[in-house]
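Chain IDs A, B, C and D follow the sequence of writing; residue 1 opens each chain.
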Amino acid sequence: MAKKILNVGMVGYGFMGRTHSNAFLQAPRYFDLPYQPVLKAICARSAERVKGFAENWGYQTIETDWRKLIERKDIDLIDIASPNNTHAEIAIAAAQAGKMVMCEKPLGRTAAEARTMVAAVESAGVPNMVWYNYRRVPAVTLIKKLLDEGRFGRIFHYRSKFLQDWTISSDLPQGGEALWRLDVDVAGSGVTGDLLAHNIDMAMWLNGPITEVVATTETFIKERKHNLTGKVEPVGIDDASIFICRFANGSLATFEATRYARGHKALFTLEVNGEHASAKWDLHDLHRLEFFDHRDESQLRGWKSIHITDSDHPYMKHWWVPGLQIGYEHTFVHQVADFVESLAAGKSCSPTFADGLATDCVTDAVLRSAKTRQWEKVLLG
Amino acid sequence: MAKKILNVGMVGYGFMGRTHSNAFLQAPRYFDLPYQPVLKAICARSAERVKGFAENWGYQTIETDWRKLIERKDIDLIDIASPNNTHAEIAIAAAQAGKMVMCEKPLGRTAAEARTMVAAVESAGVPNMVWYNYRRVPAVTLIKKLLDEGRFGRIFHYRSKFLQDWTISSDLPQGGEALWRLDVDVAGSGVTGDLLAHNIDMAMWLNGPITEVVATTETFIKERKHNLTGKVEPVGIDDASIFICRFANGSLATFEATRYARGHKALFTLEVNGEHASAKWDLHDLHRLEFFDHRDESQLRGWKSIHITDSDHPYMKHWWVPGLQIGYEHTFVHQVADFVESLAAGKSCSPTFADGLATDCVTDAVLRSAKTRQWEKVLLG
Amino acid sequence: MAKKILNVGMVGYGFMGRTHSNAFLQAPRYFDLPYQPVLKAICARSAERVKGFAENWGYQTIETDWRKLIERKDIDLIDIASPNNTHAEIAIAAAQAGKMVMCEKPLGRTAAEARTMVAAVESAGVPNMVWYNYRRVPAVTLIKKLLDEGRFGRIFHYRSKFLQDWTISSDLPQGGEALWRLDVDVAGSGVTGDLLAHNIDMAMWLNGPITEVVATTETFIKERKHNLTGKVEPVGIDDASIFICRFANGSLATFEATRYARGHKALFTLEVNGEHASAKWDLHDLHRLEFFDHRDESQLRGWKSIHITDSDHPYMKHWWVPGLQIGYEHTFVHQVADFVESLAAGKSCSPTFADGLATDCVTDAVLRSAKTRQWEKVLLG
Amino acid sequence: MAKKILNVGMVGYGFMGRTHSNAFLQAPRYFDLPYQPVLKAICARSAERVKGFAENWGYQTIETDWRKLIERKDIDLIDIASPNNTHAEIAIAAAQAGKMVMCEKPLGRTAAEARTMVAAVESAGVPNMVWYNYRRVPAVTLIKKLLDEGRFGRIFHYRSKFLQDWTISSDLPQGGEALWRLDVDVAGSGVTGDLLAHNIDMAMWLNGPITEVVATTETFIKERKHNLTGKVEPVGIDDASIFICRFANGSLATFEATRYARGHKALFTLEVNGEHASAKWDLHDLHRLEFFDHRDESQLRGWKSIHITDSDHPYMKHWWVPGLQIGYEHTFVHQVADFVESLAAGKSCSPTFADGLATDCVTDAVLRSAKTRQWEKVLLG
């Protein structure tokens, strides 16, 4: 019996365009999916470059205007992999055209923007998802499972960091294709939206809602040459963003993201401490879970380094054999697999746009607190 | 300009069939290759199962008799991913038919068998390669580069292990599709050919020829139910294989492989100690290289853990961004990329069949020494 | 030539009484000191127990009233190893009697209390020191040296934690000899004074003054049986204390201490990120320094794990040979050695009482901020 | 009630003289011992230097001729901390004089020499012990306990290394006080007796007798200036020594010691793999035990890093609090404590001279096999 087809129209051919394209191609090879994703069309402004991208990844057609892409009848799903300032307009139009919508994170540059996007998909009743891919690192998914099983008891502490060091040089310009993340107009914010958003999405998924925050941000290098204007311009983004918060479950937390932590490339970390157990994970060794269980025999208590490559670990039976690790791009493959399975089951697949909005509400509170120098409540709704 | 096509005919749809298929699909997406590999045909005995495999991986046609596959004019390259006892016959026939040949490791079950294969490809003058994939773990490739640059000075020591624990239960049967590695007739030997062959190939690539060995082997569980006969039969393979050796460069080494090292899934390790520097690597954290340089400032000397994810690390500019790791299957992708590039350049791509034979000569000496309880010279030629 | 004698009068025979006694005994055996410390007298309330302690450690005499100890002409130095609520009274009396004074940390329960102590020693002109022993972990001392040499460039980030898990059980009582740290009247505060004080002392030594903080504290278990009253009483201490701060040099920092981090016994950590280099250290592997230098050759950049056991590492030429580690109590030995050498040189030995006060000013600001929910400036003078 | 006195007469004031002296001083402070060791006399050839050593460590008297020391009535125990070539003569004379004898390892330079020493102490019926101190690293002692409890099941593999790098420079001379370990006449052998002896003693204690070995040794630098003759002389010691062996319990093992492993200072390692569990330990992080238990829940199996600092860990209740590590010299303290407790109980304290001989029998077999290039049985009796 032929599988149902899921025709994908992708917007954007940058770094995220590659990870998403790979995911749509690989998911059906490793997972037995009820739909067959098809790379129907890729859309971006430069006709020449989009053509090369289409050839490389096997897209059947190309578009250079996303509005045309959305109008096409042969597209089921619009996947937005373009910079942050394009998310809302495309997502809303796609939803209004009745397309399923996937969107890179953060959902909006602000919670206000994200709210309009949630309204659009909910009003249209279309399946939707945000690419917070790190939830689907198998080690992280296992922490979620262990938490849901109540193995940690009462949670006391959560801490999470995202440390990078790639913008320390003052010679680095801002803006333009490769460096739009440093341009506040395009990105919306700096590390708060780019990095902390990942930390927050994962934290709320694992540990529930954040109720209030107190934060500080810093822009260490105040001016950089702007690639679009050619002039030295003020830097509008935050280079570092740190906050303390309280979760609804009574636990305390620290969060930190920076691009000025020399020696760290993409060190996304989390640790959760409960009454009975604790867990740690980091992205630099993403295939390992560190787990401590106080119920172990006293003289043999310690942190266990679990190599998450066994068939009873989340997602891993679909890959290789014990001991053989997977990498970064696999998290996107898992997300496609889960999305397609949810679709067939008629369920929504988290993180939905509503989840993406919840994260934007926290990043808004963080940026607000950095300005007011006060504790700020996370404002929902 | 259209790329040249490289039509692949694959034999075998097991674990290795999957890794090779993935490699042919992924290599051209991440590397700018002069040939476009095409999954033209997949061949295995079960028509039904080969059909499912073909659909999953996108093979255009299927065969159930490898002789027919070899006869086909539309196949450029035969890739042998079937069990060890099929390697020689298929490879020789393929070479005689003028096909390029890739073969899973070990090349032959014995050096004698491997010699016939080398003779065949050399006589036919066809490009050939053995899938010792671990040479192309970026961290390992970097060690090779550093050694070639002379950074280690005189080499004193080499040590390498491959530790697994999946056959400890005496309830595990031998033989049949999933467990042919425990059946000596099919596999040729136990961990010596299956695991140590990897250690030896990498060691000789990095540190040059091995001249003599003294070894011991053990079969801890002497009888197991055989899946093909249904009876309890003697176990003919070695469960553990350990040897000491000397390299032509004067260095001493220890090698060990076992499937009885509780707690280790696929812990392939290497360490090389030179006059000025040392390096360590292991497969459980394959994206890391441990490096020690005695020329560092004295008070700051230490082992450096290098996260091999930067664009100036071997192969890594083709993947993601710093900090984002790749996994096991990527090593096969790199091997396809290198093979295709060598092909276009008219060069052979190592490890060739001749390299595969060199490794078989060492495993032969190891098994011989385990019997004679003597030091055994590695017999080449 | 006979060495000069330094007659020590110790107050307190608890955990810290042991570490100090050991330090006075061991320092002259491993360091060539200008003075010979002599354990002249030990003082504590229970005559019977103080006698046993004196015998064990070789104290020549005992006292049960610290006022008498201070009056003795044959005592040169009063070392205060008794609970926090005794520090100020004893230290001030000792200074007024012209004795040198060493005091366990934190100096006072509050900055106000500490100020009176500083005034006393400065008015009396007596040598004085606070036992912030962790400055003299060789790895930490080496970080200080590297920072002072300017190897890090501009500092962007500092982070430090002190994680424990020994008070999670609600059955644990508060107060009395072994548990005075849970009794707010004796201890002054909870983890802020007991643990964070160590983090802050080390941070300011390494990274300069802290200018302002925003903090939160929590008491997870609100009531515990009190050992002195036998009744369930409110818990007055903070179980967890977290703050964000800014240093005078423009760097941002996070600090956290808790006794509710399951799986951590005494995990004191620090990390400092500079423009050119970063360093990490933790107490659970106190003999290791993690160091990253961006000036290393690009492809070989990584975190170096330096085993701080070489003769060119701080303090280490006095101990064993490379590879052989020292432990916790050695930090106190180093502090005695430095104190005695400073004494002979007529210099003060840091951390002095003035340094101890500076730390109390920060802990005061932390506790104040936790109440006001505002950023609080660190108030000096 | 006054404790019984144990008057110690020490021979040798080098590195081992320091560790032993420290042990006799520290043991009674941390352990409640039935005897009080007293540093009665120190003996070595240089009167001036022995005087300085005596002052530093508090020895009551000095001797410059060990025969006189042995004649003294006020000495209960002779502790031999002088170079290997002095062990037999002193130990035999001491035993004949009715003294208890402790001797640095290796017991004899050969098994033949050791046999005469065993005969002497057994004939005299005096308590005796060899300073294989590493058995009393708490993590190692815990492995012994776990093995004795049968937690590992059948043992399949054992591996142990001792890697150093301090003799790589060809400028390093041999012989004389600081470098007698490179002088074959004094040391007896190179790394085989100096390092491997430790590995073997620990291995047989943990895993039972070794039955046969096949070995190779190498002297990388063939000539060095001799400090005693002032001339360049052949080097008689082994720089590296590697062997494979079989234990009586059927397990296989690899052992390796070298002083040419760049980057390792004193990396003594062990790993034992059993049917149900495995353990690892190394001297560079001596306070940690790595433990894997296959009986753990499948999805949470991993190697546990146990910080051996809790009161229920061997010896640790005598030291500090959880999280605070001890160092190298503590192992000697433990050995004194155990010796004294055994003495009071009228039991022998292992490793006895008989245990030391058993190790010498294995090192003999190793050196023999390196010459014969054959498997050699371990010859006992």
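In this text, a contact is a pair of C-beta atoms (placed from the backbone, for glycine too) under 8 Å apart; a residue touches a chain by one contact, two chains touch by 3 or more.
All figures in this text were calculated on a predicted structure; none of them were measured in a lab.
Comparing chain pairs A-D and C-D, the larger number of C-beta contacts belongs to C-D. Using CA-based centroids throughout, the chain positioned farthest away from chain C is B. Mean C-alpha position of chain B lies 42 Å from that of chain D. Centre-to-centre spacing of chain C and chain D amounts to 36 Å, using the average Cα coordinate of each chain.
Averaged C-alpha coordinates put the centre of chain A at 55 Å from the centre of chain D.
The residues of chain A that reach two or more other chains are 264, 301, 303, 307, 310, listed in rising order. Put simply, chain C touches chain A in their complex at residues 156-157, 159, 163, 165, 168, 214-216, 218, 220, 240, 242-244, 246, 250, 252, 254, 256, 258, 260-264, 273-278, 292, 294, 301, 303, 373-375. Contacts from chain A toward chain B in the complex involve residues 15, 19, 22, 25, 28-29, 56-57, 164, 166, 264-267, 283-288, 307, 309-310, 319-330. Within the complex formed with chain C, the residues of chain B that make contact are 142, 289, 291, 293, 296, 298-307, 310, 312-313.
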